[in-house]
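Per-chain residue numbering starts at 1, and chain names A, B and C are given in the order in which the chains are listed.
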Amino acid sequence: MAKLTQLIDNEVFQAYATYATVVLLKMMMMSLITAYFRMTTKAFANPEDAASFGKGEAAKKYLRIDPDVERVRRNHLNDLENIVPFLGIGLLYALSSPELSTALLHFRIFAGSRIFHTFAYLIPLPQPSRGLSWMTGYVVTISMAYKVLKTALHL
Amino acid sequence: MAKLTQLIDNEVFQAYATYATVVLLKMMMMSLITAYFRMTTKAFANPEDAASFGKGEAAKKYLRIDPDVERVRRNHLNDLENIVPFLGIGLLYALSSPELSTALLHFRIFAGSRIFHTFAYLIPLPQPSRGLSWMTGYVVTISMAYKVLKTALHL
Amino acid sequence: MAKLTQLIDNEVFQAYATYATVVLLKMMMMSLITAYFRMTTKAFANPEDAASFGKGEAAKKYLRIDPDVERVRRNHLNDLENIVPFLGIGLLYALSSPELSTALLHFRIFAGSRIFHTFAYLIPLPQPSRGLSWMTGYVVTISMAYKVLKTALHL
């Protein structure tokens, strides 16, 4: 049990735990935003969901694709595609004994880039705002991957 | 080596390992269900897949979208969106020294909610069955995130 | 701090760290391939992206679905569906004290199967090339899940 406590007592690991949780909560928020847009625009993917808003023929017209809903869904999928690598590589990076300040720099820039990316996607801001925020998070993840492979390479 | 053994010997960590594996296996099963529906309804996304069922023009008619296949795929994507946060936050939660009974309560409710969610999606059950099962898993994950941030906050 | 160093000094864990990073980098590469195809075929999902290539009506014609882009996106989603279980189950497997040689066998076959799967999807190779490479990675993940549940089962 002592070992577990020591893992979470390590400052780099605490920083990872904090920022990983923050970006996952941000990603989870996309589900609520999708639900909000589906309800306000009445655009559903499943007949049983549309049925809450009308019966029979009336329900069918709510089975449709709405551009705002699709935008939120693309944002959510982009989160998955980028936050999953951060979770995996970031965990291994946190275990590879980086300097606390360097680790914090990586985690903060990544979290900041994903939060900015969400605003850039949903407002939407003109390009290349979204492209650059995506690339920032991408480069941070590559930088952590380089440290992991330098520390732990065992092919 | 001793340290690794001690990590997996911790009861809370064992519980996490068990339930994380169970929900991941459940999610992996969605691939088999998709394959089953694609083959029985003959609805494929790739020309090279349809080619196994007919040549030339005959193959083209199998390149189509089937509502049952799309339902399984939406269920699979919903799993990804919800099980990824559980994996990440649940791991950090398991390392934050929760009571075993509290941890088991979280893991069991989450796994149960995702299994029920799958039945609610695929049968399908009338709403709000699916909505409530989704929300149950969502709230469990938020509760674990709260414990992680309370234990390890390091911004 | 010593404990963290010891975790990453464990050879099985190093092997996991290496192969998890490799498959995540491979998955991240799909984003670049998608961007490349979107730009060369001029097929965008967002009006603000198409706006870089033309104004007003000219931009609208770039808001379209291209079969090559969709193929890369299906490949990317398939990566997510299969690499997420590998990350989670593989981490727990690495902590369940497997033999180094057995662990390396699992990790190498999984990484190889996903790299081959990408070539089979994007060239594309005739079936069952892609199907078999997918199934190989799937079976490896199930085998690791079996070891995890045998070592750590705590329901």
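The criterion applied here is as follows: a contact is a pair of C-beta atoms (placed from the backbone, for glycine too) under 8 Å apart; a residue touches a chain by one contact, two chains touch by 3 or more.
All values derive from a computational prediction rather than experimental measurement.
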item: When chain A is superposed on chain C by its C-alpha atoms, the rotation angle in degrees, nearest 5; value: 120
item: Chain B against chain A, contact positions shared by both copies (same if over half, else different); value: different
item: Centroid distance [mean C-alpha coordinates] between chain B and chain A, Å; value: 16
item: Touching two or more other chains - residues of chain B; value: 3, 7, 13, 77, 80, 84, 87, 91
item: Complex interface listing, chain B residues touching chain A; value: 3, 6-7, 10, 12-13, 70-71, 74, 77, 80-82, 84-85, 87-89, 91-92, 95-97, 124-128, 130, 134, 138, 141-142, 145, 148-149, 151-155
item: Contact footprint of chain C on chain B as seen in their complex; value: 1, 3-5, 7-8, 11, 13-15, 17-18, 20-21, 24-25, 27-28, 30-31, 45-46, 48-49, 51-52, 76-77, 80, 83-84, 87, 91
